[in-house]
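There are structures below to look over.
Consider the two complexes below, in which chain A is the common component and chain B and chain C are the respective partners.
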Partner chain A sequence: MTQLVLFNVFNGLIVGAFYALMALGLSLILNLSGVINFAHGGFLALGGYLAYMMIPYVGFWGALVFAPFVTAILGLIVERVLIRRVYGRDPLYSLLLTFGLAFMFEDGTRYIWGAQSLPFQVPGWLMAPLSVDYFFLTGYRLFMVLMVAIAVAGLFAILTYTRLGMRIRAGTLDLETVSVLGVNVRILRNLNFGLGIYLAGLAGVLAVGQLGLQPTIGTSLIMPSFVAIIVGGLGSLPGTLLGGLLIGVASGVTTVFFPSATEAVMYIMMAAVLLVRPRGLLGEEGRF
Partner chain B sequence: MRGDDLQKRAATAIVWLLLIGAPYWLPAIGGYTELGTRVVVLGLAAMSLNFLLGYTGVLSFGHAAYFGLGAYGAGMTLRYLVPSTGLSVIIGTLVGTIAAAIIGPMIIRLRGVYFAMVTIAFGQTFYFIAFRWNTVTGGDDGLIGWTRQPLNLGFATIDILKSSVAFYYFVLVLFAVAVGIMAWLLRSPFGRTLLAIRENERRARFLGIPVDQHIWISWVISCCFVSLAGALYALLNNFVDPRTLYWSQSGDFVIMAVLGGMRSFWGPLLGAAIFVVLQDYLSSQTQNWMSFVGLFFVLVVLFFPRGVLGIIRRRATA
Partner chain C sequence: MTSDIRSALNRRSILKTAALAGVAQITSPFVITARAADEVKIGFDNPITGVYAALGKNELIGAQLALEQINGKGGILGRKAELLVEDSTSGDAGTAVQKARKLIDRDQVNFLVGNINSALAAAMAGVSYEKGVFHMVPGGHTDPVTGTNCHWNVFRICNTTQMEANAVAGSLIKNAGKKWYYLTPDYAFGHTLQAGLEKAAAKLGGTKLGGDLTPLGTTDFSSYLIKAQSANPDVIIFLQAGDDAVNALKQAVQFGLDKRFHLAGAQQELEVLIGLPPEARTGTWVFEWYWKQPNVPHVEQFVADVRKRSGGHVPTARTWFGFAAIHACALAAEQAKSLEAVKMAKAMQGFKLPPEVALMPDSPFFRESQNQLIPNLFVGNAQAKGSDPEDLFNVTEVAKGIDAAGTLEDTGCKMTWPA
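So, the complex of A and B:
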């Protein structure tokens, strides 16, 4: 029993790490540009499929490096051509626009790579269990957690120590002032979007190693990311991280005791948080 | 001013004439009655959403939840409780309305994007319940094993099961009642207050209007009629699919409202008609209809943000 609970808590933590990685990207874009990117899941799936295409040429490690980059570049282009046009308009339009994009992404991946699940090869030594008793501790699972930790640490380092990060943080608080101070806000939003999509692409490569390649993989991950952002509090990146991990562990634990509520539990958590603390766990008061 | 009024009345009369005559002129242009019924049902859903979206200025992206609850409420009444179409519609509508009334207080203080996100996420809860609770809801396969029942009026029985035209008129009568109530509400002081909140929430608050309470009532009314549409949708198909609860369905409603024109009363109905016909056509022509629907969303946002009626009106005033 203990082992089962431990297994599911650990599993939940991994799932939560994914939610967090995806939600952080969404949160970055939402905070600076006020756009909920429904197509985020599409970019995630794209990252996974690009890695699948690259592996024969550059191997797993190469794909891990290059696939998120290519995804991010596509993100920059999509922002430049489409998303930019709805900034400053009613949030309704950005929702509908990215909603349409999400449809196109999902159908597009299905058209190009087929609806069936494709196998995704990760290096054999990563897949081996590390312990006989705790069979669930495969190398790949630990590796995923490690990668997410590195990515999150990298993101916070960029935001804290680089000029770009500082501008993003400042723009989140008051974009107009940042613009008046001579920062090119168009480029800032573009790069910020790219950064968010990079995280989605990375999450995609890591996710398909565990879950396999399916066109719907992105769509199934986007709703939990929303919940992670709401639970953690809008406008707070640490909150988003916390929210993602919390709902992951919560659904992991629920799997043990009440399997059919695995997905529903995170929404119940969200309702509870909204009742007690409408701004979310670490959200700032009065920002939204 | 009076000419404007006259024009509005003429437009309303034309809409009703078209709706009443639909079973007769639709086949003549290559349609069929069920398609007309679909337009009316989804049009009702989009118009109800627009009560909140266009007239109160609150962005809900989760109306599919209440649409789906209405559908499951109606379907499960017929499947498990009583074989009565009338009762199933009432129970379906009630289920959705009560759920909306309970969720309301948790969300009415939120605005804009935040409101949209939370309504989507709440909607997913019901989707997962319907999806996972196989024994009662049929899970992924949907709720089957029931049909709508002939309508017993006491003195006569109308067979809305076999005759799709009779069912169309049954739907149209309920549509008329719902739309009539919404139009009446919008003309009442309550409706004018909603417009005031949409135009300037802070000013409305300073005038002493209980804004949150008004938004809650508007939300419940909107969800009530969406549930009614959902119940009718279940009866139309004699089947309930968990995807009626899914968030992409909410997006469909919003695009219908935007496409037709959010600022006009009949706009969403026109949007629903365009959307239903387009989807019907695309899904018969290509397997990749999803891409085209997605592209359609993008094009509407970029080029027709005011909707069809919005463009016509602007032309007329310019």
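So, the complex of A and C:
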């Protein structure tokens, strides 16, 4: 039993790291622009499908590099053409807009690539199990964790050391003052949205390596991201990371004792956090 | 301006958003609807979106082909037949029932067809029974639909879960071992399929080492696989369908479980095997219909017809379910020479499908007093590649449906007819 619980804690951290990657992109957009991006799952699915299309030409590694970039470019266009128009309005506008976009993405992918799951292959050596006796781990899962670590480190490096990152962080605290100081807020929001969507695209390519590539993939993965943000604390990127890891571990451990509640436990956890600490674990009081 | 946004975007709106996301997963984005006045109407209430969208699409392709053939031969009772299609969603019984009521009350359909999801099929059967409408279930397998909850007006094309279990249990015990661990989707189909397998295995000396119920729409199966491998069974039984089955099998093979245990299940579909990478196409399964049946009349023509309308893809069992369901509706009307539901239902008791609809050996028939089609079942192994890119299953045994079906008493069906 102890071994089973330990396996599931370890595995839960891996799954949670992936949830965190998705949630970080969402959180980034939410923090600066105040947009709850329902279409995030749609961009994630798009990243997977673009990678599927690119693999015959550039291989898996090329697709891993290019597909998130192309997804991010589409994100920049969507922000420029649609999302920008609802800034400053009641949040319901952006909610409804991205809600509609999510449906359009799902039906669009179904229309273009069909409802049928598509076989997505990753390099053979990544597919091999590393050890099932001591760790329940595959090469691909380890690779995913590595990619998540690189992406998270890269994101925090950008936010900490680059002019763009500093402006995003400043804008997150007080966008109006940043604007008054001469920063072009429109471009800042646009690039920030693109950065968030890049993370969605990357999550999409990584997800389809171990899941079926189907139009519903984004919808089925988006809810844990929202939960991770709320548990971790609105407005806090480290909180989002922590939230993702916690719900991954909670789901994994629940499987040992009450398997049919592995999804429900995320929401129970969210309810508990909201009752005890409404701003989330690392959320700042009064931010939202 | 920014502070206005912040004040409006509080925790409550985030929570409302999360609730909205939940709703998003059960609502249907669009509905394809066709209407006509004097035509014979067939209401098709089946998934177009969600985890069963691919299966639903194939059932629809089969249904549309059948409709074209029927209308090409003069329609139903000399009237043109029309298909009214509604998206039931993949998992929301409330939506499926609402669409069924709409088709019956507003569109006045003569036939109701659906659903792939067992729970939705059962819920729709309740509505069609209440309204006295002839109902054909193409692909919802749970036993009670033509078992303990059978109704005079509800017929079914696909097999019961017990039939599938009976067809594969012997082969699995003989070739893979007696200790089984179950991974079962947590809804009507999974529950009855597991119960059927446990019953069939027990008769042959098989034992259950353990099992887990997995929520419909599960993406990560690793924690369940950890438990399954630690139980050290001879066979890990996967009872998931659709996209869930793709995710479960892909991950099981990535963890190398196919090297240590026999992977199997009581039902497999071509849609799932196509969605898997070649190395994950493994295990022992039951197919309810397969497109490669040399020397069986009309199969080759059916495959060619379907390829023309599906971008070159071969028909799957789902395509055949949709095809046979619509033809069976038309045949019921022709047999009864009426569109009255009771007359049609009586005309179908013991009715054998003609070879151009049956598309398999041994003439499948609707068992009297149960309304369950008794077709053959195809037992075999998934294969990475075959003679065609979509030849992904090697049939090792054609199990006789009547042997797998058990007796009428076993099903628990006690049918009562309207006075």
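Odds and ends about this structure:
We take it that the second predicted complex is superposed on the first by the 280 of 288 C-alpha atoms of A that agree within 3 Å, B and C clash if a C-alpha of one lies under 4 Å from a C-alpha of the other, contacts with A are read in each partner's own complex, and residues count from 1 in each chain.
Please note the rule applied: a contact is a pair of C-beta atoms (placed from the backbone, for glycine too) under 8 Å apart; a residue touches a chain by one contact, two chains touch by 3 or more.
Note that the coordinates shown come from a computational prediction; the quantities given were computed from them, not determined experimentally.
Once the two complexes are laid over each other on the shared chain, residue contacts for A:120 go to chain C alone; chain B is not touched. Contacts of A:97 after superposition on the shared chain: chain B is touched, whereas chain C is not. In the superposition on chain A, the chain among chain B and chain C reaching more residues of chain A is C. By the touch criterion stated above, A:268 is placed in contact with chain B alone, chain C being left untouched.
With both structures placed on the common chain, the touch criterion links A:140 to chain C but leaves chain B unconnected. In the superposed model, A:85 lies in contact with chain B only, and not with chain C. With both structures placed on the common chain, the touch criterion links A:260 to chain B and to chain C. When the two complexes are overlaid on their common chain A, residue A:111 makes contact with chain B while staying clear of chain C.
Put simply, chain A uses residues 34, 36, 90-92, 95, 99, 102-103, 106-107, 223, 226-227, 229-230, 234, 260, 263, 270, 274, 278, 288 to touch chain B in one complex and chain C in the other. Listing the residues of chain A that touch chain C in their complex gives 3-4, 7-8, 11-12, 14-15, 34, 36, 38, 87-88, 90-92, 95, 99, 102-103, 106-107, 110, 114-121, 127-129, 132, 136, 138, 140-141, 174-176, 179, 210-217, 219-223, 226-227, 229-230, 234, 251-252, 255-256, 259-260, 262-263, 270, 274, 278-279, 287-288. Residues 53, 59, 61, 103, 106-107, 109-114, 116-118, 120-122, 124-125, 128-129, 131-133, 247-248, 251, 254-255, 258, 288, 290-291, 293-298, 300-302, 305 of chain B touch chain A in their complex.
Partner chain A is touched in their complex by these residues of chain C: 1-6, 8-11, 13-15, 17-18, 20-22, 24-25, 29-30, 49-51, 53-54, 56-57, 186, 212-215, 217-220, 222-227, 229-230, 243, 246-247, 250-251, 253-257, 260, 271-272, 274-279, 311, 313.
Those residues of chain A that touch chain B in the complex are listed here as 30, 34, 36, 82, 85-86, 89-93, 95-97, 99-108, 111, 223, 226-227, 229-230, 234, 260-261, 263-264, 267-268, 270-271, 274-275, 278, 288.
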